[in-house]
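First chain A sits with chain B, and in the next complex the same chain sits with chain C.
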Partner chain A sequence: MAKPLQRSSPSRSPWLDRLSAFGVWSVALIITAIFAWIMGDILWRGAGQISWDFLTLPPQNAGRDGGIGPILVSTGLILVVCLSVSLPLGLGTAVFLSEFTAADNGFGRLVRRSLDILSGVPSIVFGLFGYTFFAQTLGLGFSILSGGLTLACMVLPILIRSAEEGFRAVPADYRLSAASLGLSRTATLWHLLLPAAVPGIVVGLVLGIGRAIAETAALIFTSGYVDRMPTSLLDSGRALSVHIFDLSMNVPGGDAPAYGSALVLVVLLILLNGAANWIGRRLSFQSGFHWR
Partner chain B sequence: MRLMRNRGYFAAFIVSLAASFGVQACSSSPQGTAPSSDGLTGKLILTGSSTVAPLVGEIAKRFEAEHPSVRIDVQTGGSSRGLADAKQRLADIGMISRALKPEETDDFQGFVIAQDGIGVIINKANSVGAISDRQLVDIYTNQIQNWREVGGEDAPITVVNKAEGRSTLELFLSYFQLQNSQIQADVIIGDNQQGIKTVAGNANAIGYVSIGAAEYDIGQGAPIHLLPVGGVEATVETVQDGSFPLARPLTLVTANPPSGLTQEFIQFAQSEDVHDIIKAQNFVPVQRKELAQTLR
Partner chain C sequence: MTTLYPKFETSPTSQHPDSSSPFICTEQLSLYYGPQPAFEQVNLAIPAGQITSLVGPSGCGKSSFLTCLNRLTDLISNCRVTGRIRLGNLDVLDAKTDTTALRRRVGMILQKPNPFPLSIWRNLAFPLREHGVRDRAQIDEIVETALQDVGLWDEVKDRLKAPAQSLSGGQQQRLCIARALALQPEALLMDEPCSALDPISSGIVEDLIAGLRSRYTILVVTHNLAQARRIADNVALFWLQQNSGRLIETGSVQEIFEAPKSSITAAYINGVRG
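This part shows the complex of A and B:
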């Protein structure tokens, strides 16, 4: 049996304890205060702009008047394109990395390393790539499709790495039990691993949506600048973040609607995160797992 | 049972995503455009200067309202982009915030739609009332480093310069006969608004921006003021009557002599029908006489 632990005298100093507690508390408070300040600033300057008309009408007078209706629709479509391409691709790659290759497999390592590098690439580089590849080479032009696909490239690394962590977090016992019960690999994946990996996938989704919806540089050359209501995925459509950038940088007197749009963007982000978490909880509850 | 239900949920989620994508993709076939009474149909793409884009975007909206089966897409990216895209036919019309250079007139045709004056701005807290062109050159080349040397307070000068590729920079350099490599900038900015915000936030800064944008922001209470250039007050009026020396024409360019829809739109953008839009965007409409001159 181990000896009872001796309390060493230096750590008994109550002053040191109090000081370090104070330090930790104040750091946490500063972080919260910065967040609250930014949110408060956007809310204070933006709330007065928000109305039903602002959310539904098209922009007028270069965005100083009117609303952001078509811009919200374009932003939504860009996000739908981005997710419907990146989610299946991302999940597939994550399954490959975690279930079909060993952790120290050479090819797996190569894929992981390239994803890590890709996730650090500045978004303007993705924008230029999207412009030359999707818009020019594939002939999609300035379109919501070009923008969504460019964002999908950007979001993939985040999505894959988080989903992979989610799959790896599933205990190996589950796989062994499933195999001993004679379940096929596909059945194990659908019924066991996918539901159990939902928390990791949701984290990836939340981060990915966050990166996609805040993106400006990659979109200005791909989905473009047109603020008309889009009628198809091949139309150019201005994203909310591009609109905010244009209002605050190119339009004198565009600050007020820029703050209004920023508030909408933040609220949209919070709602989307909430939705992703809700779907995630539904999915893992259904499978009978309780993740805390 | 549980497992089956769960699978259903997940599949439903994926399917609904795919469906929303598919529905959109189906509707993405080119929609039939009914010819309007005046027979104008089709689509125009314009790219170029971020200074001109908001203005042309508004002009395009009015043009679309008058010709319902015409679609005009305005994109940005800077004057150089406008010229490159017009040349490669990626755009029907390019937008540049300067006049065409002599060597460019072989490849392009230019159409001035409005004037924009470039004004030198300092912070309102700065007591300096006017500086000569010579002093300004010295400030930008770091020969003068303190406001005291031009009659101000004892404070170091923060020189705000425009980023490479901006036509404001080119115009500024050519008027003051400077090379960009000679300029010793403390801050490099991109757009007008960024310049105004930088100078408004720094009592010792000096920069140069569009007069229209500066006048608007001064009216909104921005703590900056415009210095005269070459002894001429920097106002929208002096830009309009041509006496202000540091002005630039906002120009539409095409690689070919314009015809059809392109020609209709350029004529509309130069007509008096859009003068109210030009003024609302803080630019200065050009008079018919000047237009005839620039078109030759």
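This part shows the complex of A and C:
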């Protein structure tokens, strides 16, 4: 008699199988439920706040009235500063780690270890560092620049490690073939490795943006509280997350605009992730962009 | 820097290499990965314009030997090469040697077909551009010639802009050969170019290699003795002795297959036959 093919590895009792399946499913379900609950809560309580005025007007009465216009601008500027510093630095370091140092190279190991530790450092520590270094030592004061640079330090480890993984995932044969065709390292890097590593870079970017845009502690110390429209990068500017924190902790009756702001933050995060993925697809090999 | 190679020609004058003199000569060539030798003291002269086949058991340093010849060993961090390699009057291992120029003269084909994730056309055009060919018309002509040389032109001429990955394995390998040929090299190093292909594609690539005889100096590693016998003019046998590869015997196909001097060669030939 032909036995039916067993799908899973043979186990001692079907009971154990069922129990573990049940466990796995319930964990997944709980996580989905928690996520849905949070989203539902924010949507339920925040959606009513959203209007054109809310998105464009400056806050009034400590944020209870008015909108979040200047806060959105500050958030955007902080993010731009953060990414325009961390992206080139991160890619450069990732290229150095994956293409110019062997996996077992001592210095490379040291850099990698430091990055792993850095990525686990609490953001409040980054905040203190940013405050003493960027705001005080470099004299940038409480400013969007200080905040963006501090965030860049926070995001760099994540960005570097994911980008490095991206580069390492490129088949070694590409490098060998490229070299055997007499291609320079620069040409190989630009035309082959970088596009092939885009998926990894995008992952790092998405994680980095997520960390940056959600950051509160590090920004309170560096970009500050001021909720006026910034006129330069040296102005203090309140980030969205700081605004939410302030509304819910320090402003009695600030819950409604806090939820409105939270909704905006979540939507922004989703949009930015979408954009990163879209740009990634355009730049990677799958797009045909390189095929011409 | 002196240019070691001629300018790109749109239609290469088929210059038949002088087969009386060796194209590449190695003297006491040894290669070490860290302290461990891959092969030692190899003295081998590779005749110009002929197909020389490198055979031997796994791990005896055949691939390593190939990578010395175009200095691909530079890419491996713990790799050390000693001895001499002469290519004409060029000292290949000299640190001052221009590896870009060297690698244009000596092309290489890897075991697994690995076209770049670009279009068919750009797979050939991209290296050409990097070697300074900017003129679109000239690029187009060189691309067409190279694709014709590998018998791929009629199959792909209508979809040059399609991704190279959409080709079959055998076509991809021929594309890789075309990519090397487009740079108008003098020699080709091939590391088991057929072993990742199905029998029919393998046969096509084998015929292609045989067809390139006399226009290029070809060094091909193969585990397929029948293939070596079919396409090669000369055979060199590597063997593992005391944990490092040695060159045991070289000779024409007839000498190696019909009158091997070394008992190892005889055993190897017969072992595979029987």
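Throughout what follows, the second predicted complex is superposed on the first by the 266 of 292 C-alpha atoms of A that agree within 3 Å, B and C clash if a C-alpha of one lies under 4 Å from a C-alpha of the other, contacts with A are read in each partner's own complex, and residues count from 1 in each chain.
Keep this in mind: contacts are C-beta pairs under 8 Å (C-beta built on N, C-alpha and C of every residue); 3 or more make two chains touch, one makes a residue touch a chain.
In this text, all values refer to a predicted model and were calculated from it rather than measured experimentally.
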Chain B versus chain C as contact partner of A:181, first or second or both or neither: second
Touching partner for A:25 - first (chain B), second (chain C), both, neither: neither
Residue contacts on chain A - larger count, chain B or chain C: B
Touching partner for A:37 - first (chain B), second (chain C), both, neither: neither
Touching partner for A:191 - first (chain B), second (chain C), both, neither: both
First, second, both or neither for A:171, with chain B first and chain C second: second
Partner chain(s) touched by A:107 [first = chain B, second = chain C, both, neither]: neither
Doubly contacted residues of chain A, that is, touched by chain B and again by chain C: 191, 195, 288
Residue ranges of chain A touching chain B (in the complex, touch as defined): 60-63, 77, 80-81, 83-84, 87-88, 136, 141-142, 145, 190-191, 194-195, 220-221, 224-228, 231-234, 236, 246, 248-254, 279, 282-283, 286-288
Contact footprint of chain C on chain A as seen in their complex: 102, 105, 171, 173-184, 187, 191-192, 195-196, 285, 288, 290-292
Residues of chain C defined as touching chain A within the complex: 70, 72, 75, 77-78, 99-104, 107-108, 110, 112, 114, 116-119, 122, 126-127, 130-131, 161-163, 176, 179-180, 183
Residues of chain B defined as touching chain A within the complex: 2-3, 5-7, 9-10, 13-14, 17-18, 20-21, 24-25, 27-31, 45, 50-51, 53-55, 57-58, 61, 71, 73-77, 90, 190-194, 196, 212-213, 216-217, 220, 280-282
